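Below you will find the structure I want to go over with you.
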Amino acid sequence: MSRAADMFDTHPGHQEGPDRALILEVIEAAGECAQACTACADACLSEESVDSLVACIRSDLDCADVCAATASVLSRQTATDEAIIRAVVEACRVVCERCGDECERHADMHAHCRVCAEACRRTQRACDALLAAF
Amino acid sequence: MSRAADMFDTHPGHQEGPDRALILEVIEAAGECAQACTACADACLSEESVDSLVACIRSDLDCADVCAATASVLSRQTATDEAIIRAVVEACRVVCERCGDECERHADMHAHCRVCAEACRRTQRACDALLAAF
Amino acid sequence: MSRAADMFDTHPGHQEGPDRALILEVIEAAGECAQACTACADACLSEESVDSLVACIRSDLDCADVCAATASVLSRQTATDEAIIRAVVEACRVVCERCGDECERHADMHAHCRVCAEACRRTQRACDALLAAF
Amino acid sequence: MSRAADMFDTHPGHQEGPDRALILEVIEAAGECAQACTACADACLSEESVDSLVACIRSDLDCADVCAATASVLSRQTATDEAIIRAVVEACRVVCERCGDECERHADMHAHCRVCAEACRRTQRACDALLAAF
């Protein structure tokens, strides 16, 4: 079991149920995606063709910021406000979709864009699944 | 003129127009609000009545995370994707509205909650104004 | 292999060598620790004895901020400045040591503090090992 | 008076004294510098000569991360641990010095690097002054 799952299950207000897996998947996917996007922006900067990767770097940086905020908000279980969760997860879904689209354009040329796109798609799907459960 | 305005105007892709003031106001309001919410969560922790401020601390922490991400995303002007901007500003608007509501409940008792609520309302209005311009 | 390892190895400037494992361990430990500290601060807020956990919440929040920044800085491999890496990893080591100490004080009473302390100790050790390699 | 000063002074544990001004200056300078570095990295991305600005973008991104974490840590006044404050402010001082050096190299060519370097120098000085007071 991951550390995030341990933290989730040791929370005094923690509840079992179908949402547990959906929330944990957003926490883990978004945390991983924030790191992947930070690394992908930096890897793009090291490519000779950095000129052609400007839009990719931009979307990586936005995606890293939003995924990090989303993982933090979802990691909290005290006095949860559903309106906040929905709005944040919806923003995360949109940003991961757009960043995934952008990274996929360069996936054949740059393996870091391929790996990063996979992280974005995982997070996009996790957000979709959680939003569908509301 | 603020440093954020100087940074905005010295960007090579910077454009004049009505959006300049609206975007700058979100950058400055959200940056200030992230700091205020971080400080308010901590001030609540130092109150004797911390038990009654748990929901306020929770919304402060969420609001700080989302405002910081929003200020960063809006600070970028390269290869801007309107779908990302809209989704992020909408999430910021919701979180600031809810955190402003929560802080206002304690504004008569705790001056830090009153000041923080003002920061949330400023950011909520700034997000509303920018969303209306799209 | 983790996504962080995939991102590291697909970077165009990536180098093999003993530092690879040390840097990756800081990235993964600090990313995990940021999440654990965010969750632990929130779990403490939900305890009836929140009054006695105020210092723990404070150190959790500091540790989450510093670990997140550290994971991001270490995730970059372009034009690395060793003075920056050293200073950031040293700060991360100190914060993880102090937060681990604080969480261990509550580990018998609160399982989330025990799990969080483990995450802090892992990151402290990872920072120590990387600092020793400079 | 700034919102950060209002938040500082309404904290229940707030103390008058010479440190008040030194801490507030780090909070305000580092908050401003995080925004300036985020914007400068993005402005560099929009320059035709992005190839020659890769090291500048890298240091901007590191500096933004560390300054944001520093502003958050300093914004807290509850159960403060001096060892944490010192280590974080020292890291911030180093990163601002290096990023200021890098941005100054491009200050004649790019006004955004000049403005960003000023923000880095202000924060470096604020950290120096606070460290000297310990």
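Each chain gets a letter, A, B, C and D, in the order it is written, and its residues are counted from 1.
Simple rule for what comes next: a contact is a pair of C-beta atoms (placed from the backbone, for glycine too) under 8 Å apart; a residue touches a chain by one contact, two chains touch by 3 or more.
Only a predicted model underlies this, so the values are computations on that prediction, with no experimental measurement involved.
Steps from chain A to chain C, taking the shortest chain of touch contacts, total 1.
Taking the definition of touch as given, a chain qualifies here only if it contacts chain B and chain C alike; those chains are A, D.
Overlaying the C-alpha trace of chain C on that of chain D calls for a turn of 180°, given as a multiple of 5. In terms of the distance between Cα centroids, chain A is separated most widely from D. The interface in C-D, B-D or B-C that matches A-C, meaning over half of the contact pairs are the same by residue number, belongs to B-D. Mean C-alpha positions place chain A and chain B at a centre distance of 21 Å.
Centroids of chain A and chain D (each the mean of its C-alpha atoms) stand 27 Å apart.
Multi-chain contact residues of chain A (touching two or more other chains) are listed as 42, 45-46, 54, 58, 61, 68, 72, 76, 78. Taken pairwise by the contact criterion, the protein chains are fully connected, each one touching every other. Of all residues in chain A, those touching chain B in their complex are 54-55, 58-59, 61-62, 65-66, 68-69, 72-73, 76, 78-81, 83-84, 86-88, 90-91, 93-95, 98. Residues of chain D that touch chain B in their complex: 3-4, 6-8, 10-13, 27, 31-32, 35-36, 38-40, 42-43, 45-47, 64, 68, 71-72, 75-78, 110-112, 114-116, 118-119.
The touching residues of chain D, when paired with chain A in their complex, are 41-42, 45-46, 50-51, 54, 57-58, 61.
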